[in-house]
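In the two assemblies presented below, chain A is common to both, partnered first by chain B and then by chain C.
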Partner chain A sequence: MTISGAPGGADARSLWGDAARRLRRDKAAVACFAVVVLYALIAVVCPFVWSDWADSYDYDNINRPPSLTHPMGTDEFGRSVLQKTLLGASTSMTVGFMANIIAVPLGIVLGAVAGYYGGRLDDLIVWFYTTVASIPGLIRLIAIKFAFAETVLFANTPFEMDLGHGMSGVYIALGMMSWVGTCRLVRAEVMKIRELDYVLAARAVGTPSIVILFRHVVPNVLHIGIINFSLGFVGAISAEVMLSYLGLGVGTGIPSWGAMIDAAKMDLVVGRWWEITSAVAATFLIVLAWNIVGDRLRDALDPRLRTA
Partner chain B sequence: MKWFYVTAPAVVLGLVLLPIVYLRGEKEGQYAGKVVKYSSYGAEVKSLDPATCGDTTSAGIQGDFYEGLYTYDWLKRPLEVVPQLAAEMPSISEDGLTYTIKLKGGVKYSANPCFGTGPDGAHKTRTVRADDFVLAYKRVADYHINTGLAWAFLSERVAGLDEWREKSGSYKAGDFSRYDLPVEGVRALDEHTFQIRLRERFPQMIYVLAMSVYAPVPREVVDYWLGTQDDGKGGRRPIPVARRTTEIREAEQVVGTGPYLLKEFRRKSLIVLERNPDFRYEEYPSEGAPGDEQAGLLADKGKRVPFIDVVRMDYVAEDYSAWMRFLTKQTDASGIPKEVFEFVITPGKELEAKWAKRGIRLLKYESPAVYWLVFNVEDPVMGASTSLRQALCLAYDVENHIKVLYNGRGIRAVNILPSSFKTHAVAGPGPYYRLDLEAAKRKMAQAKEELAAAGRLVNGEIPELKLDLPGRDRAVLRMGEFVQQQFGKLGLKLRVIPNDWPGLQEKVHNKQCQIYTMGWHADYPDAENFLQLFYSPNIAKFTNNSNYSNPEFDKLYERARTMPDTPERTEIYVRMVNMISRDCPVLLLSEPLSFVLVYDWVHNVKPHPIGYGYLKYQRLDTALRRARGGR
Partner chain C sequence: MSENAAILTVRGLQTHFFTMDGVVKAVDGVSFAVGRRQTFALVGESGCGKSVTALSIMRLVPHPPGRIVAGEVLLDGTSLLALRERQMRQVRGAKVSMIFQEPMTSLNPVYTVGNQIVEAIRLHQRLPGRRARDQAVAVLSQVGIPDPAQRYKEYPHQLSGGMRQRAMIAMALSCDPDLLIADEPTTALDVTIEAQILDLLKRLKAERGLTIMLITHDLAVVAETADVVAVMYASKLVELADVQALFQRPLHPYTQGLFRSLPRLGQKKRRLETIPGSVPNPLAFPAGCKFHPRCLIGAGLERCQTAEPPLRLLQPNHYAACWECPGYAEAPAGDPAAAPIPYHPPEQNEPAD
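And then the complex of A and B:
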């Protein structure tokens, strides 16, 4: 007897297809996703359009209020605040993306290994992330930044990375501190999956454990990675803003919302509202949009969390 | 149970109110009947020890409780050195090598437990002796005390002092018996006569004697405060040699002769000075510079000083917070934060009328200081190309640097000397200390050839330059960004590296910086004070921080430093200034112009360009302050 159709009948859909369908039906999620895409476009395009922004200083027009020439006014060096804000999106999105590119795979791999193999390896990884998590987030971030303060990787090559003062230092620091959550969740999920029949079957026919782990187990926890990627993005953006505000973020001359808030923090008292307003509004919008997208993505990918 | 309902809210209320009572700060009536000056400070006081004082903030505080042999007349201009603890100007031998100084009689230290306690429990005091100055000079030369600036002026100049320093290094840090070793050139001839013998003529010695870093230190302070500790039974017991510190670091250890004593010192929190009851009789000056009489600065002539009983200084790190304290009349004077400058000062650099109506007046003054970017000429790139340094100087827009970063509070520096120094005008502006982008670009072409010949180009380009800055706050980073913009005009990339202050100093000492910001405030009104910053033997003493080395310059310096103030010396000074202007080991930025606001209840304020310790002349009209809503 042959089997016709997919298991579960003609209406059965994959997890991803089901999630995409649910997301498409959610207007708020679509709107917020559009905002995220818009920010991503801005982040990609603006650095090309205003590549000479850093040199666009005009010392005769510093701290000017909004006008037709400069719709959001000018900054302390006479540069357009609107352009600075849009270019800041590039910094934030790059930091958010790169930090999670480091954190999420790290969290998935460590969590999967701990959850699947258990025993001493699990103890070691749990001890490690418990130790890391016991240090308050901001302190951890600042400590990592200081630890790499004088480190320059691949010096005098096109891949030079100044961990102390460049953007690379920020996203490596953020990546190294934000993998713990993903690792915890993945470990717990893998501990459940490793006892499922299909894993036992694979083990019974002699499939090497490393193959089972990465071919059969990890793909089933990828949704956790995606959810954490979207939620971590928000965290990374906020952390970059915070670090730059503290003077520990991206280097000087790189537009950043945190640096803008830091630069303009005393401006409000003398009525110069435009720079801080632009930076805060830009941060608020992307953080809100990412939060909603992340929440809805989690609901869509994890049926147990779905609300009525 | 009923008691519980009664006592529980009372306990909770008490716990809530307790911190408020504790944090109230100034206790009610604490200063009743006293004239109190309220101020704030924003930079850390790094030193309470005269020997280790090397920054203007510490010097400003120390000047009110430590005094040197000489000082500067507060009012007279040009500056005039006058006796302070000395009875008269020094008697100088014919060869110019021996300075014999008679001390004023009856000058007392502030009472302190180190001098013993009387039967009534009051701390004793004693008069200043010549051997206290001998100890002060030995401490400055002490190998175990970090006396960078104070030592730099004496090293290789006073007979036997360098040898004494070497010997002191063979003692353990806590072994104070080294202070019993004699120094050939520093002697107490009797209780009231102090003598210094120099190795060679040093015409600026009188200015060195006017620095309070060489204030007298009684041996009792070393033996009591640094050599013993409280035994818990009301007595003292010796501190083991291995555990002793060598520096004065606590308020109770401060023993000076000045008009005030340090009552309280909480690092980065609070400083309280109180009138020193043992301060000698001293009168307000009766002569000043032209215009002082009209400015009301001689109204108190002949009156006994000090006028103020207590000075309370709160640490306020943020400029704007300090400004708000001033506006709410919690402090008597304030600087002007960058953000509000344009609302307070007119484009003509005068006080806006609305502020004057509030009883505020503006004090403007130039300081004999020059700020610059230092190029480390031992750096493989900066040292390999003079043209690169010249190009950077030509491309840098100093006028906008002053305008954008400092609201125009400064004047462009055109040679390494402050404009108030007479040699400044004679030497004239340096050829590269001007804005000329075309000339800078031509120089850059030469720079590339020089760096290519030295093998310092990376992929045919000048490698990224590095600028070290002393801080991470916005004002410092803003400057870094401005420098990036200026160097960017020549197509150069600049990495800005923020540091904390001790970190930067360490990097500078280890010659790890390529370019960094620094400045020099005159210690005395003689060009030699600035020229010594480029004398190559001073690289080892950490005063020549650009590591500039030019045998011709060194030869001229060695010739000029023993010469009296003559046209010939001025001519040599000019040649040396021009050498620096040509070789550009520094990119000159600005001479600062300070703006200070004071309320009209504050009298007798005239900033001094070099000296410290003039708070004793200040007078407050506290009735007017209260009437205007102040404290």
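And then the complex of A and C:
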């Protein structure tokens, strides 16, 4: 029995319940979220379906325009561009996901520690991120990628990561540079929260500060992490495309929209438009969808933007 | 245990805030003793240092900029200011707990009420989950929350202000502390709820043998609940007595002014009386007695302007700090921290130990 509870049950009024309800009512958000889910499914399923795509050379059918057998034409080795594009989703989604799995928790932890403890620790972390942020993004990314050139992590284990040539180098580099925004926001929010009475109340019953930080403070800034995760995803996807275009992205043999655009820049002159069109369309759709999802997520989760 | 044993002794406490504009002496040499099972009220207007006194006892003064620069706090014979932070954490919650003014913000919105109480319990007692849960439900029921098993599962936003304050009290009492510091526990509540919460505190005091240090600016709350009252003005105690003595014959002009400014039933007045002037700036307290610029007696007197009067024992168990109080010149200094002021309400007899 609920006497003072809100109509509609217990979780209808919690931050997350409320946000979920708002998002469900928002048709554009639902549609875009569906697009994101679709991309994720493609990213998971396609590599299994076309696992031998990279070696599916067909020299009799190179650079063919779209046809019934190859709806988006073929590339310079006669491989299906449609398959290549769908496989590229896997690269993009992996990079977007992994970069943010690194960046967002890093930003939250550093921001929370800086904001909560203040003093020297805060000075150090602020100094660190302002230094990182003062280098232009692309140059920072290129620098990290070059530093990775010959690095192989966990060599000769199932977790081997070739930072110089594989996908891992791209997402680790992206993750290492995109935590700054989250860190800043979280730090500011934590500085506000640490002054609240419930933090004092927790201290008054003897809670250690590290427990207060991670049990009482961080859960109240998680929405910032989620918003930045979705917005960061877009950034990571675009950055991967950009890096691959510059030839610094994933190595050859890994389907990537950036590499496709890069490869097609000469094709366009001779009228081969299908490869670049597929890659741009695929990039455009996911970036748009993620942007709208992230935007609506922020509207739903940030109390300051709320109306009524 | 002797009736007169102090559970809490504060001696010469000085807490200063080191700000950009200078040193704010928020608490400047405060001494008192609180007797076991007493309700000790610390009264004063906003900014006089009463909350900082409480936070100093808990060692929760925000640092920086605040720091306890001198003094001694004894809780049950343990010197709290000498403890390491780890040891102090063991004291908080288990020996002394605190509740705050704003029940709306004192509970974390992302956890259920029960969750937060269980956390407090498990910080101090090694209990399996089920037993901690049972204990939390029991303490919720003790603070008069109906249907505690259901409330245990609810989030703070689902409770009313009064219920939240009860839940806060439950959390503070969940580890059975000896001393509860209540910092304006009813200020944010409406009058009917205020009366309920004060009754609850009284009942808990009787049932659990709790000592309560009540911080308030509301003399009606003091009259209702306190045994001993300390009046604080501009970082110092100006008067200390049992509640009856203080209400019947306030000695310090500030206390007298407070009583004069209360509305009275059956008295027709167009305006309430006030104490002239306003609270002095803590960065630049007036020389001499800090109250003299606002004082009806001492405003023009040279001694009040130049020398600050210390607390003196004017009557048995009644301290005041005012040059112009009758008998002040001959009165002994006394030590308000030496022993608590004994007081038993005339109508109800508390069970003796």
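Throughout what follows, the second predicted complex is superposed on the first by the 293 of 308 C-alpha atoms of A that agree within 3 Å, B and C clash if a C-alpha of one lies under 4 Å from a C-alpha of the other, contacts with A are read in each partner's own complex, and residues count from 1 in each chain.
Assume a residue touches a chain if its C-beta (ideal position, glycine included) is under 8 Å from a C-beta of that chain, and two chains touch if they have at least 3 such contacts.
These numbers come from a predicted model, not from an experiment.
Of the two partner chains placed by the overlay, only chain B lies in contact with A:I62; chain C stays clear of it.
When the two structures are aligned on the shared chain, A:P219 is found in touch with chain C, with no touch to chain B.
In the superposition on chain A, A:D197 makes contact with chain C only, not with chain B.
Contacts of A:P208 after superposition: chain C is touched, whereas chain B is not reached.
Residues 320, 337, 339-340, 343, 397, 400, 403-404, 458, 463, 472-474, 477-478, 480-482, 484-485, 488-489, 495-498 of chain B touch chain A in their complex. Looking at the complex, you find that chain A touches chain C at residues 1-2, 4-6, 10, 13-15, 119, 196-198, 200-208, 215-216, 219-220. Listing the residues of chain A that touch chain B in their complex gives 54-55, 57, 59, 62, 76-77, 156, 162, 164-165, 246-248, 251-253, 259, 262-263, 265-267, 269-270.
The touching residues of chain C, counted against chain A in their complex, run 58, 60, 64, 89-94, 97-102, 105-111, 116, 119-120, 123-124, 147, 150, 154-155, 157-160, 163, 168, 171-172, 174-175.
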